[in-house]
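We call the chains A, B, C and D, going by the order they appear; numbering starts again at 1 in every chain.
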Amino acid sequence: MSHNTFGHLFRVTTWGESHGPAIGCVIDGCPPGIRFTQAEIQADLDKRRPGQSRFVTQRREPDEVRILSGVLPDEDGETLVTTGTPISMLIENVDQRSKDYGEIARRFRPGHADFTYETKYGLRDYRGGGRSSARETATRVAAGALARKIVPGMQVRGALVAMGDKEIDRANWDWDFIGDAENPFFTPDPQSVPVFADYLDGIRKAGSSVGAVIELVAEGVPAGLGAPIYAKLDQEICANLMSINAVKGVEIGNGFEAARITGEENADEMRMGNDGRPHFLSNHAGGILGGISTGEPIVARFAVKPTSSILTPRRSVDKDGNEVDVQTKGRHDPCVGIRAVPIGEAMLACAIADHYLRHRGQTGRI
Amino acid sequence: MSHNTFGHLFRVTTWGESHGPAIGCVIDGCPPGIRFTQAEIQADLDKRRPGQSRFVTQRREPDEVRILSGVLPDEDGETLVTTGTPISMLIENVDQRSKDYGEIARRFRPGHADFTYETKYGLRDYRGGGRSSARETATRVAAGALARKIVPGMQVRGALVAMGDKEIDRANWDWDFIGDAENPFFTPDPQSVPVFADYLDGIRKAGSSVGAVIELVAEGVPAGLGAPIYAKLDQEICANLMSINAVKGVEIGNGFEAARITGEENADEMRMGNDGRPHFLSNHAGGILGGISTGEPIVARFAVKPTSSILTPRRSVDKDGNEVDVQTKGRHDPCVGIRAVPIGEAMLACAIADHYLRHRGQTGRI
Amino acid sequence: MSHNTFGHLFRVTTWGESHGPAIGCVIDGCPPGIRFTQAEIQADLDKRRPGQSRFVTQRREPDEVRILSGVLPDEDGETLVTTGTPISMLIENVDQRSKDYGEIARRFRPGHADFTYETKYGLRDYRGGGRSSARETATRVAAGALARKIVPGMQVRGALVAMGDKEIDRANWDWDFIGDAENPFFTPDPQSVPVFADYLDGIRKAGSSVGAVIELVAEGVPAGLGAPIYAKLDQEICANLMSINAVKGVEIGNGFEAARITGEENADEMRMGNDGRPHFLSNHAGGILGGISTGEPIVARFAVKPTSSILTPRRSVDKDGNEVDVQTKGRHDPCVGIRAVPIGEAMLACAIADHYLRHRGQTGRI
Amino acid sequence: MSHNTFGHLFRVTTWGESHGPAIGCVIDGCPPGIRFTQAEIQADLDKRRPGQSRFVTQRREPDEVRILSGVLPDEDGETLVTTGTPISMLIENVDQRSKDYGEIARRFRPGHADFTYETKYGLRDYRGGGRSSARETATRVAAGALARKIVPGMQVRGALVAMGDKEIDRANWDWDFIGDAENPFFTPDPQSVPVFADYLDGIRKAGSSVGAVIELVAEGVPAGLGAPIYAKLDQEICANLMSINAVKGVEIGNGFEAARITGEENADEMRMGNDGRPHFLSNHAGGILGGISTGEPIVARFAVKPTSSILTPRRSVDKDGNEVDVQTKGRHDPCVGIRAVPIGEAMLACAIADHYLRHRGQTGRI
């Protein structure tokens, strides 16, 4: 896999920095004849968009996507049809708030990639995080909106299941609640909202930040996608999720819990379903066995660290080797994990779409 | 990267099944002039080799590696020197114990990939697990032994830090103890040996199995390896580890713990070292920031599920749709996580070696 | 490399159709610290730009490139410095002359890709050639302008050496004449201008078209770039050139002529140069032996077929299976080979730049 | 695709040198359920095998292929069925004639890759040409034998159409004659045999060598395979052919001839066939338009240079910078182009097989 491209048949290349004129992506290998509307792409982008509650960064970006190639308009004037050629999407950067970056330009912020970028490249675009800005993820969401269309009947959803040391109560899980106007957290547990709100208000007012855990579920994925040992479906899902900024861990199905239990407890038993096909009586495997989908829902989780953009001064150094204290003022996400939910969904959708095409290519069994 | 190849400049392709005549790998892109001995490769293979204690499978395989291409013998007659062309390594399968596979050929073992392979390909090699046999991992260890040589001064080590619900005491951590003859578990904690032994004896006698967590540390990795967003060093380490059979979760540095703490607690502060270079005062990041190595030790962990080869009958179905009970008799690893330690080390070494070459290629800064 | 990306470390992805809002490319893996100006990119684009003489299509496109990411402005306000992150370049389509495409939409033009695109994808963008429009090549030229900067001291030049059955006289070769205002043909032979002009006027007035042969020379390429058997430098040069529309053949050095002569005549002898390094006494090999550069000038040639957009009606069929006659009216290039010169240069520069980085990565010998 | 691997879904990795213990290849991504026999692979290998007439090298290699993975035996005990996992094939090197390589080890043979390998890697395996030995091509032929099975109904054949300045008479073309016992040249023209024999006897006795042109034809390839601009079917065919040792030029359809004619002469007209599908009235395009197959036979040609292993002393230098004369004694092919015929067939089959799977993957239209 190469630097800014992911996928083998459904390939996505993204580009752009926080403070350049625009960001974007090129989707190469998309099947022809996929029908979608710009409004569908936009709907996914709006979920990730900043500025929608007091719990996310106040940067104001309309995140309006322009589709520059690879589609033909259908007769209804609204639907776009993919032609099989590369689909270029572009999102302009609008709110590049004027700011004095003088300090950041020379200082290595602790927990940020300033030092490593500078060491690797000998220079870096320090404005708003440059390439590692969360803005880049908008382009993934746009690509993911198209990826969702590739596998017929697939539904990919995500939820925030923990924030700092607060967890949801899974007994209250309600997918429909996630899109609720009263739910700024992508939590599936209505009762968690006041808990998270109180907690995050405290974090926010202290100029601090906190991490989160996101859970993703893809339903309607046919059995057979993936590969046995390398390029396993779970491997590529994990790789896609690990590519998201600030992600420090990923797991499939029961994940790390699997290390704590016995083979009897862990293996999912099978029985014939009423549809005359084998079914699993549990899903500890998270829908993947031996790197290949079982037909059960695919379940993945990832851990997002707290952003290191915090008010409390932290010890660091600058380019000249001076020891300095660094603090971050101004707009930032107190919990970057919140907006990671639609990003995770997009990356999961892309991984599955890619393997759907690969499976069809190698085996002809779809 | 695609099906049975991993890496972008240091590329490893593996092949082979449990019950074919041999297994092997081809290493492509290895720099010329790397010096090594067959004994060094063999030493790593011996760590993974089965049959060395009562806690691992009793399959008897000498795992003798043959090097078929890509090297020239040095004048000392023992040292091999890489020529820059593909290095083919082959390990014969010796102990293909005669066995009646009739039942397994038609039954889908719960927790195994039987059902998914059959669904994907329409047929499968059921003998000894076929391609998904743990034997395949020997070839990775061989490749990893070479990868360790690529980055000057790099040392990659691994340790088992938890088995089932038993954990080591990190206060007792002693790297030197891992190679100790009295230590069949790759544990760094001498006091954990009797605990693990008792626990695993019980598991083994019950025909059960249990999972484990492995921790890997790479020291001596220069700062600057990796990429900012995609093909991040941590992403490719995780992908490499997830490609190991039975792995269900991976994390870098403090991993999932990062989701539970605040930005103040998580960000590693920096100060100037006595060597006149910036140093980190802690290493929650696990040696990687923004996808690029910091120069601190790289720390990764992965969770291995318990093998589903267990004595207790489990409900399943067969190819004809009959509901059947499946149990596994005979040799198997009660804790496959034990032998995963050298495999993990190898995969970590490969990921870092690959990025070392990529960094040198793109930036010329090594 | 796959569908719309070429290169392994210096990777270029292009996108866009003739009649969409824009075309563009993303350059991924470019080394950091490369300095260039927008004017330099533009200068290369202007060489390819249509409408500059009566011998090329009259489509009027300013071909103004916008650089959207991956660079930082230098202090002089004009120089751009690459940061090592993806460089996105965009060129707007301005002159999408209104036209009734009704006929072309349903008819398969002989010699064009209408039938094959329709067969492959089930639909196609017929406006102005869609993805296979010569416009796409502008993005390659932009990428190539950057690629030229990667290898210090490299100079890549191209020349039209034959048009239809007219050939240049190599005795008159003058590189400086190619940029001459009186030379609309990229010919290095001043005496060929009136010959080509007369010939092509006849072709143009007849609504016909004619092919051409282009020769490319890269000087200043260090010895050692390439790979022995696969991913040979000559192989990747040929692949890059064959990806240009309408190219039907490629050759390196003396090419097909090598098949006609003996080993004594063909092999280039060597002697020590005054600089104390080995030199070649001839260059039949075109600067490449065993897939690896020799240090001599790299020489490649490619054959461009005559465009099939001609006035003479040709027999064909339409989507409904009706037999029809097809003719092309309006603007088109009577000899597309002319504008292929800067495109070929760009593709050659990209291939060499990629191998320069790969060589540095694998061997560290640069 | 990178160094020693070619193909995107049907991926072939080769390894091995002339004088190591063995050579081989790994085929990854082969569809499951492909049925073949070892004898079929062997039959193709035997066509390439040296020592079969006085016109090829007298090295004696049985070239017996061993298949080490990726297949299951069928019930007939002879047929092998691919399982979808990597197929490893190995051919032992038997005839490594003892020889004093002392001179060659230090001298750069003109026209060979000695100088470039040494420059690139700092060392080289000089025994028998090392990696660039023609022996490596045996592994391609083995892979190609399998590739031929991927596209139902496809037939790939090749012929030598010119040797030195002697050409066949196309009016005499007889495919069946190529396998004739009286035909040591792969020529399709029976009347050319005495001409080639006389000519080559003279070359051989003089210790000289001569080049050749090979023509390949693939029939039964469905329309729609390939890609519009990059990864064009013709591009990948040319890349595959250029990767063969000693190839200096490639062309598709009428190739370089297309540059000499007009659009009227070049474009293939279409009419409805009796089968109710569009057909082409000529095939100047060589079965490919816009990078995608038309359904007509795919036609490619490549030029092979004369081997530089000749008796006549040639001027060169050695590693110490001494000027020396180099001559080659002993067994070698006076016309390496002869044995290039089955190699070319194999590489063509691989390119088409790969695109067949890619087309099925992206479009689902097969």
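We adopt the following convention: contacts are C-beta pairs under 8 Å (C-beta built on N, C-alpha and C of every residue); 3 or more make two chains touch, one makes a residue touch a chain.
If you're wondering where the values come from, they're calculated on a predicted model, not measured in any experiment.
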Determine the shortest chain-contact distance, in steps, between chain B and chain C.
1
So which chain is the furthest away from chain B, centre to centre on CA atoms?
C
Which integer distance in Å separates the CA centroid of chain A from that of chain C?
38
The distance between the C-alpha centres of chain A and chain B, rounded to whole Å, is 27
For chain D, residues that touch 2 or more chains besides their own
2-5, 8, 14, 29, 32, 84-85, 120-122, 131, 228, 363
What part of chain B is in contact with chain A in the complex they form?
1-6, 8, 14, 108, 110-113, 115-117, 119-122, 131-132, 136, 162, 164-165, 203, 208-213, 223-232, 234-236, 238-239, 242-243, 245, 248-256, 258-264, 266-272, 276, 278, 281, 285-286, 288-295, 303-310, 312, 314-317, 321, 323, 337, 359, 363, 365
So, in the complex, the side of chain C touching chain B is made of residues 8-9, 29-32, 84-85, 228, 357-358, 360-364, 366
Seen from chain A, its contact residues with chain C in the complex are 2-5, 8-9, 11, 13-17, 20-24, 26, 28-29, 32-33, 66, 68-70, 72, 81, 83-88, 90, 120-125, 130-131
